[in-house]
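Right after this note come the structures.
Shared between the two complexes below is chain A, which pairs with chain B and chain C, respectively.
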Partner chain A sequence: MSSPVSTLSKLTGSFTAEAFAAHLARVAHLPSWWLDRQRAAYARFVELPMPKRTDEGWRFSNYTALTLDGFQLPPAVKAEQIAHREIGVTGAGTLLLANNRLAQHVPLAPALAQQGVIFASLQHALLYHGDLVRSHLLAQPSKFGSDKFAALHEAFLEDGAFIYVPKGVDAELPLGVFHYACGDGAAVFPHTLVIAEENAKVTVADFFRSDSASGAQAAQFACGGNDLYAGHGAQVTYVAMQDWSRDTLSFQFNAIVARRDAKVLSLNLHAGARQARHESFSQLAAPGAHSEMLALTIAHGTQEFDQRTLQIHQAPNTSSNLLYKNALLDAAKTIFSGLIVVDPDAQKTDAYQSNRNLMLSDEAEANSLPGLEIQANDVRCTHGATSARIDAEQEFYLESRGIRPAQAQELLVFGFFEEVLGKIENAQLHDTLANIIREKFKS
Partner chain B sequence: MKPPTEIETAATENPVVGIDQTAGNFSYKVDYAFDAGTGLNEDTVRYISSVKKEAPWILEFRLAALKKFQSMPMPTHWATKDLENINFDKIRYYLSQGQKPKRTWDEVPDDIKKTFERLGIPEQERKFLAGVEAQFDSEAAYSNIKDIVAKQGVIFVNSTEGLREHPEIFKKFFGKVIPTGDNKFSALNSAVFSGGSFIYVPPGVKVAQPLQAYFRINAENFGQFERTLIIADEGAEVVYMEGCTAPKFSTSTLHSAVVELVALKGAKIQYITVQNWANNVFNLVTKRGVAHEDAEIKWIDCNIGSRLTMKYPGVVLKGERARGEVLSIALANDGQHQDTGAKMIHAANNTTSNIIAKSISVGQGRSTYRGVVHIPKHLKGCKNNTECDALLINTNSRTDTYPAISVRGDKNATQHEASVSKVSEDMIFYMQSRGLTEAQAMSLAVNGFINDLARQFPMEYSVELKRLIDLEMEGSVG
Partner chain C sequence: MSQLEIKDLHISIGDKPIVKGLNLTIKRGEVHAIMGPNGTGKSTLAKAIAGHPDYTITGGDVLLDGQSVLAMEPDERARSGLFLAFQYPSEIPGVSIANFLRAAVQARMAEGEELDASGYYKRLYAKMDLLKIDRKFTSRAVNDGFSGGEKKRCEILQMAMLEPKIALMDETDSGLDIDALRIVAEGVNAQRNGPSAPGILLITHYQRLLDYIVPDFVHVMYDGRIVKSGDKTLALELEAKGYDWVKQEFAAATA
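For the complex of A and B:
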């Protein structure tokens, strides 16, 4: 505790200058502008301080457990070595990334490729679609006080997924992206970049898993991000499933930009990790833009899920709807901190923010910080937060119909989640997620 | 004695802001017999303590608080940067004509009496109050309770008298509900406090009429630091009301009070504030109560004046079935920031709390709701309900909501809801079609918005509040 501030602020843990040099050597073939950005990001990472008690962005978080020690850039693994499980979604293509490297690529359906849809690794995109990557990759600022970790992500980002849908193209079927972390101590930096041009339509399913061969208790470090860009009239559906090992320290930075009349739906399912922080930043940049921000969390054991959101309404007639639901078991802890910001010119904004915590244990702890900052008067902004157990009346009703208490409870918990899952239009994807949730509850 | 001379105060530039302030916007030249000078150091604290002839433990308490105050940073990591505009070296920390309040208005010196007469205090006292204390800068100029209330054993004195005459009652709770280091401004208050009300209501006594304190700042560059401690013994009931005004000087003024309430088993305390400081006053107040078994504490907090108010009345629900309530109304006009809210700390089973906050932002005014609801481990049957509604009148008005809700365990329930809206155009149109002017319609709509809260105020306050809102709303539309 008595260590001077100067050493604390330069804390790099395992991510030393040598580790960074090793990383740079592996990506030396990538464009120089990108390498310059990575170098600058690494310098920022080194300089920036770790979060401290008085940081509002870390209120209620266990900022003392953010250890960066004991991790390393993991060796490559082959696709066959991973206990990869398809998720049962008949997709238009899949990308499998393991330990920061592309391991397998099931290419796009030819019909889509012919229309100009690009589904490739991020490295491929950096080399062949540099301008697109340059204007959208990590283009949004870090807004939640995690600048140090955001810089770490940018510095060590090695490969990820790149999805580009040109003007007017409907890439109907979901594209699947799998990010694996394999081996004890593995540090991974996944990234998914989605660009939907004017009136394009795309659905992406992004999965984050630890290789089961390394055991559920592998101590890993995941520091990932994604950028979702929806051009005029575009529709982007993004579903992420975070299921890292139970001893992972996880960061995810999510940035959404919705242009005129664009619609973005993002759903994050959180189940894995020891401590997981998810930051989601939505910008409603032009009239008619809409962002649907959804999240489901199943918190077991002593897991901590820390979710921070920001909805910025920058233009008139924009709307956003946030619904974050947490089910808390055992001694789990959740934090929801959300903010709706309405800029002075964003009249006719319609924004909603809701956090529902279902308390399923006497040891669980739920923290809610739903915030509003409104600077225009002709708006409709509301938020709500509740924390409670299962409704006793509903439970009684089911039991009075002869349903066993355990089953009644299960039904009501699924009902709690279904309100969010029901927003997924693709039936197969919906069922896949529902099954994952069911499994998580049994474990 | 020469007649008091009224000091001209500059006419307010903005008619909208100025209107409601006029009632309090005057000051008289007063000769202060006791003046701690400008700036704050150990000598200031020793001076205050010595003119008050305090017991040594109080001086020690003050000096420790001063150290605490000096060591604590400004809370600007979450609060507004406007706090940095307070210059602690330019403030006068103690000004008075004497430490002993008068028991009849006839004894009060003319120059001070005139102030309170102009504010209508003696008249209100005759009409409907059980007791009044009128504080002028640092000390109470007048303090009296009706015989009938005094005979019931109710003690109603200022802080100096309370600690000196009744230490057996007050020492036990003094500084216990709000510790010195609770925040920078409670530490400041603990170092230089003067005035305020110390009230004790004996077991089972229900004080029929409200007790009232009136706080007046008269001097420029002055800091008022009153300290209030109300103890309602088992089964006792009391209603306390405070009002405050200050003239509008060109430099800013600081008001930083600490108010502690203790409601013992089955007691009820209702604390009503109508804050109408001039809009150059920094109003940074810490208010908290402890509610024991079956006790009830209700804060009714209405903020209309000041430049910046930061105030979050709280209740620590310490005994089973205790109940806490905060009803808050804030109105922020041009140049004002009302940063208000509530804290509910549940510490026993089956405790309930309710927070209803309504704010209105006019012109470039900014209103902020900030709240804490805390339910720790292994409690059951705790409930909290929070509702925050904000009304924005003009296109550039601003509102923020920052609640923090922590719940542990599966045997409690909390719900929080907030909404932001403007006055519905349909409603205004309807009223205009019935012959009302737009401004009248707007006033009616705004009064409707706060009506369910205002109804809970004592009649006189409710009427006054409506009048103030009408005045504030004038000129805000069209």
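For the complex of A and C:
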């Protein structure tokens, strides 16, 4: 029989009671309600089991590779030490977080600040806008069987980004948030919280990167989350770009709440990590709410991308549109598991869910588990999944113009992605996304 | 002088021989028309020369400027100066004409050489104007939702941009209305002047095209071979009499 200690260390990996105590010591200045929540979360993390073979929420995923050993809470780094590239978004303000700490803050344009827009670190918000944080931070349940990792995120969350746009304000330019993991073994817990009040409008670009100084091969651990809240008539555009080192184990928990007539567009680009799980939970909470859930994955080598989604229609006349596109090269693997739920009184729901996979290699593996759970009778719901090889005639057509095979494949992948990329109206953001994808073809 | 030499070429699809010993030499600046009944292997010839993977060369050789192209990949053949205007061009959703053509032009540049974007667009727009293609087409996806005539015009646009040594044009006239036919022919004829004029193999069923693009030679292809060659008057004769007499001549000769 194994001793209790060894069982415990098996369940926590590197995230031991000592590590948690060290974390708590660093955030002791934050409000006590928050520290209580972190303590409770840590207790849950310790108690919950690791995923196992029979867990429906982990079907097809390589759950045995979810090791929590070998990581540590990384030391602080200065902004100057990071090879930070200011890409895609300029002008409206930037927050740079590195190794769980605020490293640089380019404040908002004064005109926006005067209108009451808040763009600050999460610690700042906890201290000065506690009520707002309290009602929205990690307020949605974990729905996909990752409770243990969600608890880990909540327990060790040290700092993040906080964006608040008051009633009727249009923040116009995208706000840029950069989360960095620096150094081999670094464990990071990024978080971005976006609150758009009635008829507010905001675009947020959220970047996840490993410091290039620590090399593309740094073994890192990222366990992040984001909460998007769109109030009555609000419009939220959220673009996340996951480009962690190629040896990162990544979790990302995304929760969206759309109130009456609100429109949320979220696009997640998945490029980095060794194994990345992304969970997205959309709640269409009041009539007229709309959620556009988009994702692009460019998977190569032996990368695994595991995407789990839930669209819950809780009120009548709500709509959601999910389009997840994966391009798979080499021996890469993707998993898509999506569920549309329509509550009994959510009549006139219009929900769409589609997962499309473009296979560029015979060794790649795409798994799809689309699902519907409809309890109302007057709804329009469609879902589907397709996997297709690259079209040989299209490839020949491009090559017959002198385009080299690798470039032809890249063009065809971009062609495949365009349906999603085309929805990003901001040209800088569009180009930034395209550049990250292009980089993958060079590596 | 650049030239394409097709020497005793045999092509199969699977186990089925389609082209059975075909000989033809096309010099730069010349226009050779190939006519012949449906299913005689005209498209097979053109696509196999371009390197389409469905076709197997079982004998003979194809030389561009004295060099065999048969060991080359399709993209290498194109960069060394071959161009195929497809009978049925592929649709490529999501890839704009501008990006596609830029990639094709860039593929021909030396490593590290930068594309002069403004020069590229200037050239592209000039060619589009000549072919009366709306400039808005640059942002449209390649052939996606194009009408039959628009697709063919787009093929000629690509040819104009890439300036091949040898162009194989497979039924570029099909699907074109009278006006479009004239525009396309003018587009081709514009490329026939000057030192960079390509040698052209023009596959067609209709004499009408040859009124606009006047060929130097006309060949009749039947059962995987060229069975008769002549000047432009041969096309008129075929138009008047059909193929039966050629078939009969061929049957008598091989009996």
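Annotations
In this text, the second predicted complex is superposed on the first by the 414 of 443 C-alpha atoms of A that agree within 3 Å, B and C clash if a C-alpha of one lies under 4 Å from a C-alpha of the other, contacts with A are read in each partner's own complex, and residues count from 1 in each chain.
Please note the rule applied: a residue touches a chain if its C-beta (ideal position, glycine included) is under 8 Å from a C-beta of that chain, and two chains touch if they have at least 3 such contacts.
Keep in mind the model is a prediction, meaning the values are calculated, not measured.
By the document's definition of touching, of the two partners only chain C reaches A:404; chain B does not.
When both complexes are overlaid on chain A, the residue A:344 reaches chain B alone and has no touch with chain C. When the two complexes are superposed, the chain touching more residues of chain A, out of chain B and chain C, is B.
Within the superposed three-chain model, A:388 lies in touch with chain B and out of touch with chain C [touch as defined at top].
Applying the stated contact rule after C-alpha superposition, one finds that A:396 touches chain C and leaves chain B untouched. Of the two partner chains, chain C is the only one that A:414 touches; chain B does not reach it. By the touch criterion defined above, A:330 lies against neither chain B nor chain C after alignment on the C-alpha atoms of chain A. Contact with neither chain B nor chain C is seen for A:198 once the two complexes are overlaid on the shared chain. Across the complex, chain A meets chain C through its residues 391-394, 396-405, 407-408, 411-412, 414-419. Interface residues of chain C facing chain A in the complex, by the touch rule stated above, are 50-53, 73-75, 77-79, 83-84, 86, 89-95, 99-101, 103-104, 107-108, 141-142, 158, 162.
By the touch criterion stated above, chain B contacts chain A in their complex at residues 77-78, 377-378, 390, 392-422. By the touch criterion given at the top, residues 54-56, 59-60, 344, 347, 357, 359-389 of chain A touch chain B in their complex.
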